[in-house]
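First subunit A sits with subunit B, and in the next complex the same chain sits with subunit C.
Now for the complex of A and B:
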């Protein structure tokens, strides 16, 4: 066992934890982030990737709406390489009440969200994939955000400010001194090694798993796990976010992102035991396609790439069975004032959109405890990779005539792409043809972004996220990992896990081309490659 | 256009039946979309043990050398699998400990051959080895486009420069008794693997790469060439769309390219493969056969089509077109008198024929016997 000391320990490698670590590190604290799996494995990576304008919440939850639009504008500045400024439409269909549009627009304006009523004909021109039967449309500043990239960039910046990160490490116990938490005991899930780390403050930023972490610390926070199911389609059908202009309901947001688009979501209360392996049911798939096709009819004939589900970290307010009416607001609990437990803070609730604000609130609380008075600068300092607003400009600066793959790399990494320039043809070789990921980009993710498994690589580079779902790139990338880590046995196991994980999202939608690819992949890996 | 037999599907099953019928004096047409399971053939015939004499003859007349030697073979990810009947450039060993010391050779920038996995697999068997990367300027042309370093492109170059590879290996060879090479040799020039074996004073082992499979594509080319030499018609890049059926007899079919002509025949063979080859198609509600609308075995409840475990046997792979005992296709429960179903599209409905390549070859011969009797 070796002990190490920090000013603050953050548990949870989702966007809230990563954002909190960045903020703490920027304020000069010695930080350690502990994550039991990989970055963005919980709700962070299991949502729409919607850069909310706040319009969705304007009518029912003015506070969330205001937070959203403020953070929306901030993220466009600080996280340009993670964001696609698409704008969004709120459409009214013949079966919807057009009168709601007026209520909606007024609420948006009150919250400071630009909401412009446009002619349905103009909406059809702006977004040709929209349901042509629409009778009303409002344009709002929605967009899309890549949560994996955003999370990785926050963590990278924290590290550039001296922060340390321990991935695949699970907190198995707290170290106490009287009524204070003074450290944590962790177990590495890959090696089994036990470690102890000490800090005067520990932040619980584990999303829905924060419930369990709080229990481990001996305090109770009444969380409410609400599952949301989503489908990814193999093509980017729409260029603008399409929402239904009505009270928030199932499957009423279609978000474009990179080469795909995502329809969601549903909301079902689930028991805590299910949080670790939420599965999408055939009924949910049917509901998502049927409702989704009302936003954009092309969905019904487009190949579905994957089905997946996340669990919202809601904090119980009443016994609403759907969890939809619980506020999405931010909850920051100082367990010293709440429960008499010193040195322990929980930051939860909120959403991807407001992660930076959550991080600021949590960091303020940490600084108060440590007696540090330093202003938060995360709202104005760009994340690494986002020093330039446009990825075309980045690509142009690095390569005289950027290829498609080089443009794709710049769009994923922003100015981080400077690090993969090589002029070396070998580093330009493509590992993943669907997403145009090169050897150089994979190497960067392994060396600089803590990727130690194939699934880690996927979250950082999009390897295996494309139409073939890892058929070819998985073992190419496994080859590079084996070289970097020097452990083939681990990579062989990692390859099997990666394929299992891809299959988990494929079989709920296993028909048509998905079943074709699955048959091919299952045959090739088993009988041709000998996995 | 009128033929004795029309075969839909130009993979292993379609070509074996086409060659046999043509050789028996029939006038045959094969309709092929161009892609088939031979493109990811491992080189070993799964589920065939000792080859029936007619199979051995058919392959040898096509110029394909088979070997029958029960043993194990080295797989691309460094594992060993039992294998019996294989193409002759696949090495079959009595035990996995087949060498004293090995040199694994790859080309710089080629990521579809898994040297580290192989090295670890060999070391597990107590075979020490080292990896050597050959830097060949001749591959630079391919490397200019980042997605071109793939098996078939490399194999085309290797047909020309294999002698240089032999020289490079001879220079590097130390005390190794075995050299392991990717299967990217002998795509067009069949003599290359043998000449490499002669040129290097060590045991040469060719190991598979990511698909496309070079030995598989070569097998497909040789079978097709044999079929065409026998006078068979091969309609490449065409697809059967629908059929005209009266009183349980198929009269003709319509294809995409020849939509104004009916292709007529006395007998038809359906050899369109499984899901990947599009012999079977699926939607959220059913699994179906798209050309004739034949009866397919599948469960009503889609949840039972799959095992959530990726590596487990998948129920959907067993689904197939229903036939009677003589391989006549069933449509609405009734057999079509002159339509025979062979190969992977049968799924697991005829376990007596085996699976994969075994199923393709055995069911092809069975249908041919029916047609010729």
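Now for the complex of A and C:
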């Protein structure tokens, strides 16, 4: 077999692409995934990280709600190490209409979502940070999910099933034969190298950038880029997801995610040209803080770590300027039946929550084209890392008396923690002190998880995601990368880029302790290290 | 679903800039690689513990609570408080019998006092030390504080009438050490204060401040002591209008800082009225009071500022008082921890670390070769006396010796 020939090429290293590659690989296809940057760089890594119960959509979009609750239950089984089963609250504040609660609970029940009305006093005990003025509360099976981890685990499983991955490779053209797409031409963004890959089917799983990829293939899909801005706080203040029990609106979800919590989002239509450089505006920051403090008053006095924004890959249905009334339903387009273009499928719409279902739908379409009849097993087979249900169990199996960093490694990698080197002082040394990431864990990410830049490492290990935003860990991790890649100059440049990118997230909220920290980081790098 | 009851963290934890100066100043980290260090155990670990109490690490027990990290911190993060608060909240291991014995300073004092000569004789014996080492894991190389046959409280009660005759009055929180081990220090304070025209009263039944209870995992009991003591102090301060003076830096820090910060016992209304006696005396002298010093007093005194005294920033008062004494050659020892940290150094597993931490201090004392080492803390005294052979006195006792009787 020529190494450049595959059964299916998947474009896009977000969760949809990674999920599709896993599904295809598990059904025995030879797969190649191409990503112009790194895993989870688009909408996958730029959202709340909310494991939707579906309750948010129950009233307006029953179909999405039903998909969510089904996938929610599946992900708890197959992706335990990516998920935090926190449960969620839908709270009614004095300014909200309590009557909506009834509509909401009924819609949830209809969609199969358990929604239990609880006493506000109980809500305050379950979630001490909730706005104490609440007048109503409903408990739902929300949770949080780490999208980077989920994406990496899907890709890792695909690779374990023989799949290949090309990161930092951008599709610059399609190879056609009459009315069929038979391959893609890529350019490596780090080395500039041009490559060609061949497959009878190509899947466009590029989120909002799928619009551009489709254009490149000569077909048009009407997408609607809707920007959502979010703020990350420096530590967790809530145990449970907190939502407002009202018609979905701006900044009404507070999600605890790993060591932080995230408030969001907004929704603004933006032109396609801005998708690559979305910035958070001061107005959005103000809105997020003001509305967020209504969910949990402690937010107003908690240090903000970063501001960021993602672009929802909505497929436009009408001219709604807010983008909120567009269904977040899954769209799978077979361009052969739609546009007469053979060998090309677009999978888009949907959301992080329903990525597995999207992957299943896309893989079914691929298999139909290839004449393969194999059942989908992704709903029942745990992802690598999720063979144990809890990180306590993982840590206990590996270490007799796990340290804080070892417990943290187990919580990030699940059973993958079995493979990291530990036990000697070198490997157990910490690279990232805020998130407790050890040398062993970084080495694993470099060797086994295709991390070639600092940002790649961040997505896989949480290096640089903590309070100091790369102040200490960035140069240490750069050292390990330089050692692995044998190039110091490149990593020095990478270090500067990484810190610049961290500052980009600090800038919109650059005041108080965050600014002090950024200033201090600058002193360290400029005046102590002389960079 | 897991519940984390403590979702809001205090102790200025968010202000940490990760500068790591606390880690550079931690005496434990320099000798014990098992300890994660104040930054890791404090603000860094706190983020993980807020996520899930599971991330609490047993290695936090190696923290001595010397508070040197807090003195070092430029961002005013109460690092040691974060660590101790985490131990209080999350450490579910039961205190060992040994820890209970070490922490119950007042109970042990009450038990030992009637048989003081026997107890003192027995605890000096090698065989006793070996037995305690083997059964309780109290290190056999340690010397134990001696107990006194008469408590300070009973002594002062007998002199209550003459004390009441002085025109001005203070209340004295003497602590377990003065009451059971060294009533002489209490009598020295009475002598100095009387010379200033101030009479000394007892609080209404003081209890042990509780510092050893906190560090040995008995915070419930410590909270009961704290509530009781603050009530007693409140009666003295509010009802009788008295200042409360102390001669132990650790008791003082506990009453002023640990009660509200770790135990949640509010002391805001009386906190400013609880002072180290050296500060109280210095302020009176500043306001014009005078002491008549002996002319034949000639001593070379090396002052070791206890860690908790440094945390309060009050070492300067003790220093100034000693410098006032004519005939004193005063040497300020380098800022360093002696390594004992209350009951910490008594534990077998900490002995080596404890002595290694104190080594530079001991070396400096030997090099200076003073007549007396001065220090406001009783456990530092035991540690320095045991490790160097030099006599250690509280600045109040030095003052009492230097004034005319």
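One rule holds for everything that comes next: the second predicted complex is superposed on the first by the 527 of 531 C-alpha atoms of A that agree within 3 Å, B and C clash if a C-alpha of one lies under 4 Å from a C-alpha of the other, contacts with A are read in each partner's own complex, and residues count from 1 in each chain.
To be clear about the criterion, a residue touches a chain if its C-beta (ideal position, glycine included) is under 8 Å from a C-beta of that chain, and two chains touch if they have at least 3 such contacts.
All values derive from a computational prediction rather than experimental measurement.
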Quiz item: Which partner does A:510 reach: the first (subunit B), the second (subunit C), both, or neither?
Solution: first
Quiz item: So, does A:522 touch the first partner subunit B, the second partner subunit C, both, or neither?
Solution: first
Quiz prompt | Which of subunit B and subunit C A:401 touches, first, second, both or neither | solution = second
Practice problem: Determine, under the contact definition given at the top, whether A:500 touches first (subunit B), second (subunit C), both, or neither. | Solution: first
Quiz item: What is the contact status of A:202 with respect to subunit B (first) and subunit C (second): first, second, both, or neither?
Solution: neither
Exercise. Please indicate which partner A:235 is in contact with in the superposed arrangement: first for subunit B, second for subunit C, both, or neither.
Key: second
Quiz item: If you stack the two complexes on chain A, which partner ends up touching A:472: first (subunit B), second (subunit C), both, or neither?
Solution: both
Exercise. See if subunit A has more residues touched by subunit B or by subunit C, and give me that chain.
Key: B
Self-check item: Partner chain(s) touched by A:126 [first = subunit B, second = subunit C, both, neither]
Solution: second
Quiz item: Now for A:433: first (subunit B), second (subunit C), both, or neither, which partner does it touch?
Solution: both
Exercise. Would you please give the residues of subunit A that touch subunit B in one complex and also touch subunit C in the other complex?
Key: 403, 430, 433, 472, 516-517, 520
Exercise. Write out the stretch or stretches of subunit B touching subunit A in their complex.
Key: 40-42, 46, 75-81, 108-109, 111-112, 114-117, 119-120, 140, 143-144, 146-147, 149, 208, 210-211, 213, 274-276, 278, 281-284, 302-303, 305-306, 308-311, 314, 316-317, 356
Practice problem: Would you mind writing out the residues of subunit A in touch with subunit C in their complex? | Solution: 85-87, 126-129, 234-240, 256, 258-259, 298, 302-303, 391-392, 401, 403-404, 407-408, 411, 430, 433-434, 436, 466-468, 471-472, 513, 516-517, 520
Quiz item: Of all residues in subunit C, which touch subunit A in the complex?
Solution: 1-9, 13-20, 36, 39-40, 43-48, 50-52, 54-55, 57-59, 75
Quiz item: What residues on subunit A touch subunit B, complex-wise?
Solution: 282, 285-286, 403, 405, 425-426, 428-431, 433, 438-439, 472, 475-476, 478-480, 482-483, 488-489, 491-492, 495-496, 499-500, 502-504, 507, 510-512, 515-520, 522-524, 526-531
